[in-house]
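Shared between the two complexes below is chain A, which pairs with chain B and chain C, respectively.
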Partner chain A sequence: MTRSLNEPRVLDLARRAALSAAVPAIGGALALTTLVMLAVGVNPADAYPALIRGAVADGNLEYTIAAFVPTLGMALAFALPLRAGEFNLGGDGQMAAGGIAAAALALAVPLPPVLAVVLPLLVAALAGGLVAALAAPLSTRLRVPAIVGTLLISAPAVSLASYLVRFPLAEQGSGIAQTPVLPDAAHLPALGGSGYVTLGLPLVVALTGIWLYADGRTVLGYEMRARGHNPEFARYGGVHVDRLAGYALAGGGAFAGLVGGLIVLGPPYRFVDGALTAPGYTFTAVAAVLLAASRPLAVPVAVALLTVLQVGGQGMEREAGVPSQLTQIVQGLIIVIVAVLATVRRRAAE
Partner chain B sequence: MNIFELSFLSGVLTATAPVLLAALGGLICQVAGVFNIALEGQLLWGAFTAVVVSDVTGSAWTGVAGAIAATVLFSGMLSAASVGLRADPIVVAVGLNLLALGLTGFLMRRIFGSGGTYSSPELAGLPTLAELGLDVPVLGPQSPLVPLALALVVAAAWWLGRTRSGLRVRAVGQHREAAEAAGLRVGAYRHGVVLVAGALCGLAGAQLALGNVTLFSEGMSAGRGWIAVVAVMLSGVLPYRLLLACLLFGFAEAVGFRLQGARLPQQAADAAPYVITLFALVLAAVAARRRPKEAS
Partner chain C sequence: MSVPAAELVGVSKRFGPVLANDGIDLAVARGEVHAVVGENGAGKSTLMSILYGLHRPDSGHVLRAGERIRLRSPADGIRHGLGMVHQRFRLFPGLTVAENIVIGAEPVARGRVDQETAHRAVADLSAKYGLRADPAAQVGGLPVGVRQRVEILRALYRQAEVLILDEPTAVLTPAEAGRLFEVLRTVAATGVAILLVTHKLTEVLAASDRVTVLRQGRVTGRFATADTSADELVHAMIGRSLAAPEPRRRSKPDGDPALAVRDLTVHDADGVPRLSGVSFAVRPGEIVGIAGVAGSGQRELLDTVTGLRSPGRTGQVLLDGAPVVQGRDPRVAYVPEDRHGRATAPEMSLAENLLMGEQHRLATRFGLPRKTVRARAEQLTERFAISAASVDVPITALSGGNAQKAVLARELTRQSRVIVVEEPTQGVDVGVRERVHALLVAARDQGGAILLQSSELSELRELSDRVLVLFEGRLVAEFDADATEERLGQAMTGVLP
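This part shows the complex of A and B:
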């Protein structure tokens, strides 16, 4: 591919965006979604405005931003190991482990302000990282693909968190499977009026920036990409590919654990059973990262787009009576179309 | 808990059957060199379509046929994208699993009017062998699809080991170029196994939703398709070993079910199949490493 030196950078970016897999993938998914709507007798002219209103109007923007934070965090949890060639589909278990660890620490140990937020978040990241790292030796030593290992470990981790919140850590007398409210010092400071947007937003955005820098500009990032492209070549070039798989999975799990911690330390300031995994952050993030098609800078954009779709889908359900599962259908279709387009483009290039 | 009761054995078979059917589909794909991890989504789709068709027609057997047809169609997306257009089968499968979850949740609300769980007196379940006049121990309380699943293990072993087309499928998986040079249409065989796996997942879903129970609930495949993927990995693509791996899972689920009766928390029962499957996977992999490498 040749690029003229004096071509304006903006135009160049626009051209690359139009030629990338993202535009046809989203376009194709929207076309198919419209077909699904028509097939079940929903008027797209009612549904789409309801979707947009549900995501950005009537004070809903705050919920969208609040949902953007965990989705972006989970996108890092999937994207970081993916760069090194490992699929982390166990985000739910890592997130639950992080959330329950943060809640347990915050409830058990009275901590001074600041530390009361920082330590539970660190413990959450550690717990998520440990759960994910379990899949690394399975992958490198026992040849169980990480996509299978992470998923298999995730289910018992979710069960364990669910058990802990129902029995040892349960709030007495409420009858709901949840922990008591965490002490005030452990509440994440709010940035908006209603408290749904917390300090988690700048934190996750900053971590995304660090990841982007590390991925593009550091030796570790380079080695991860080398492993992802061609593990044998990376090994030949002196990269410790097995150790790197462990780092990549643990790093991804740490992001997922941190997301669990951020959710628990945000409103309603407790671990509610199922509340972490029910919104489906993990797979919205998977769809976003695959949509970004191995361009890290596109990850936050794809996450924003799919978060709007996810939150807007709930508005569409309220207003137009379209089940919000429609957004899952769209995500699934986007992933399939991206995979197909990637192959078609690669073959066209050859 | 007495695991030597016949009713326990029967419970093991009930839990094994859907996983075994899906895993047989995964196995023949693996033999032909297709890594099929869309079993989970296809199993869920099969369960849903079986319930819809049975509910509409009032006949469980029409439900089974409908599930097979609908899941073959669904698997057509996998075959078209990953075999036909050569897209990454892992990414396609991740998308299809998500699509199945979304489609079933969406259509459930449109067709039955609400989410969660659907069951109704009109919904016809599969008859048991006992109801069909075959009141034998262990198999009596099972649907006819359970002995069918066991018979399909034998059939798969015979097909892959003893027939011309079975050997060709193995050739396609072992060495694509050599198979092509021998004049085999590799793509056609791979399309074929993916579609047959779709039919098997349709059967698996029908057994799960109309045999094991008579209802549909969202996400009711509950990881069984992934356990089936692991069973294929444990089997070394040998059908009889696949049966053993699936029985191990069925045993774990049946034990978990009994543990619930013994007032252990629900979560222990939920986790048991995964934990036992993981252990089996680790043990098998360690054993494989200890074994001296065969000359290749």
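This part shows the complex of A and C:
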């Protein structure tokens, strides 16, 4: 009896899952990737298991988690302002600003344990937030959309960090553009004897939880979502929409800055020029958030999925001889399919 | 009967769970004005969209002069002589009347638009149908009624033999509407079939030959206009008769003005005055109506009174004697005209739409408890008889009437003394209209000071205790509730009484 009562609910859930953008997007992308593999003469039956092994087996899980943390942080950096209707594409610059600020503080000021970790991270978040907040008045006063403003500010921010690490903060006698190793007190504690997973994991996960709560169950979250859905409605309702844009961008930038700080305070415990932006966390995160399609709870899941794809791709390259670029193709296809589905649905709604 | 100019046969169309059209048959003959009436959401727009090629029916088909045709796009519709005049004009304000009319089918001479031929063609058309319009005038500077004529001329230029007009009088003054109906008569007399989509029964009775009534996607009545009555049409539209209007209870405004506007002048971004020296007061317990042709300064007036507009303003707006707060004054309840653009966030849930303005009051130390938010929404939903599957559905899933009830529910429970209401019954059906009016009168009787803007004169006269008329940004007249529509119309068009 209970069963038959529950059945429609289960069916309804299944229907909704199938209709949501994620399922056809991932399914479609995998199907197309399989076709590409077949076309270039790779056996998918070898490649996919190699991909999974590359991500989770043989001690690779550690790398996957180590990549998951910054990607999730960058996903929040994009998702938080997006909820309020602002696109933050300047994650790279905010992350670099946070990283270099954290490194500079840790190198310049000897701090007692605990504080030596906490303060640089706070400064990193602050620096990232400030860089992102620069785009807010551009957007609200000069009508330069945040998507443009953040991106334009990002490049000089990355260059500034690059300059600082090459000259004032450079390690003497090293051929590489990097800072000296940070003092021991500033090293992020590793988690469970791992070489790569640090305290950053629980920190970012906890912050994700706080964001989810704030988004769904606080006045600030409600007003941001109202602004994101319809700014005129929010303004009409008495919400200070311009101020909110500043908060949202600064909040996103703070997450990006924090990620920069976490990377610098983790192994190899220094700011290496280009090391923050090279792995492409920012845009993987953008892809994950778009895939999650305005469902905040789906953001961590999408991040996990794309991280597995990326890290696993390297394993696939080693084992099955499939270029890891293939996983970037999958990622790209997912985004394209999500975009196409969104457009098709909007047309259908009209 | 001869072969109809156009005929829809067994047309059904489904949008998701909504069956918008359910086996509809409709035939319009050459030379007749055929009214299509129904409540909002009855399926009128869908049906017309199918006829001019925007939507394809799930089943059923379209006949044109007895021949079955397939319409894949509005371009197909034009090719088959089906012309649509939209409620929102699709004109290029920077081009001339002639250019707007010939666009898409321009006479070409030596690779360029042949202006001379175009002007002559437009002048000929104007003369033939009695639709006066200067071919050389720039459309942007023309009054609304003339722009509408340009839309009609464009359809006729493309040899439309079936002309569909979607709520054509929504933007017109009573006098302009009267002229439009004369024009439609002339056009029909040349053998064009005219479909007039409307929800105003007075227009149906005044201007049509036959009427088809839709309700919930089906045809619920077909009448010859001469043999029917407003009561019979209402019954077909809503499935019951309207309650007899209660004898009007006079309000007894008392006390100091809750809203006082003194010598208000508002300039737009280009420095053009949109409001000049406007002064009036609204006391608790009265409804003051604002009448005026669209664009006479209503938008600026209401945006200033609610605090939403700040730049370019001189003069005073006082709420209970204190100046209005810029941004959005929380002491004002405000029901905006633009339901999707301003009054709601269409994709947010009904509960979240009902929450706006109350979010700080409902918050606790730990944020906004969902339970409280839902409980309040459910309470309002019940009290205001909003029909929705649940308070969690996006508000866009509600019918226009229910969405409007939700907006009213939110604003009328703010416990503001000053209530600004804009087009409260636009696009809602007769039943909801009745209910909305009752709510507004109840709010007035409880001491509300209501400022009501409406483009429907009958609504203004029904509800208002006084009516102020705006013309070109000035208050030009004040009437008591007994003023005739004719006198109001004269004041609205600058012909002072």
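Observations on the model:
The working rule: the second predicted complex is superposed on the first by the 325 of 350 C-alpha atoms of A that agree within 3 Å, B and C clash if a C-alpha of one lies under 4 Å from a C-alpha of the other, contacts with A are read in each partner's own complex, and residues count from 1 in each chain.
The rule we apply is simple: a residue touches a chain if its C-beta (ideal position, glycine included) is under 8 Å from a C-beta of that chain, and two chains touch if they have at least 3 such contacts.
Keep in mind that what you see is a predicted model, and the values were worked out from it rather than measured.
By the document's definition of touching, neither partner reaches A:30: not chain B, not chain C.
By the touch criterion defined above, A:332 reaches chain B but does not reach chain C. In the superposed pair of complexes, A:219 makes contact with chain C only, with no contact to chain B. In the superposition on chain A, A:185 makes contact with neither chain B nor chain C. Of the two partners chain B and chain C, more residues of chain A are touched by B.
Legend: residue contacts after superposition of the two complexes on their common chain; A:304 is shown touching neither chain B nor chain C. Once chain A of one complex is fitted onto chain A of the other, the partner contacts of A:199 are absent, as it touches neither chain B nor chain C. Of the two partner chains placed around the shared chain by superposition, neither chain B nor chain C is touched by A:111. After overlaying the two complexes on the shared chain, residue contacts for A:230 are found with chain C alone; chain B is out of touch. For chain B in complex with chain A, the touching residues are 37, 77, 81-82, 85-88, 90-92, 94-103, 105-107, 109-110, 115, 223, 226, 229-230, 233, 265, 267-268, 270-271, 274-275, 277-278, 281-282, 285-286, 289. Across the complex, chain B is touched by residues 36, 40, 87, 89, 138, 141-144, 147-148, 151-153, 155-156, 159-160, 162-163, 166-167, 283, 286-287, 290, 323, 325-336, 338-340, 342-344, 347 of chain A. Only residues 213-214, 216-219, 221-223, 225-226, 229-230, 232-238, 240 of chain A touch chain C when the two sit together in their complex.
On chain C, the positions that touch chain A within their shared complex are 308, 327-328, 330, 334, 336, 338, 341-348, 352, 355-357, 359-360, 363, 366-370.
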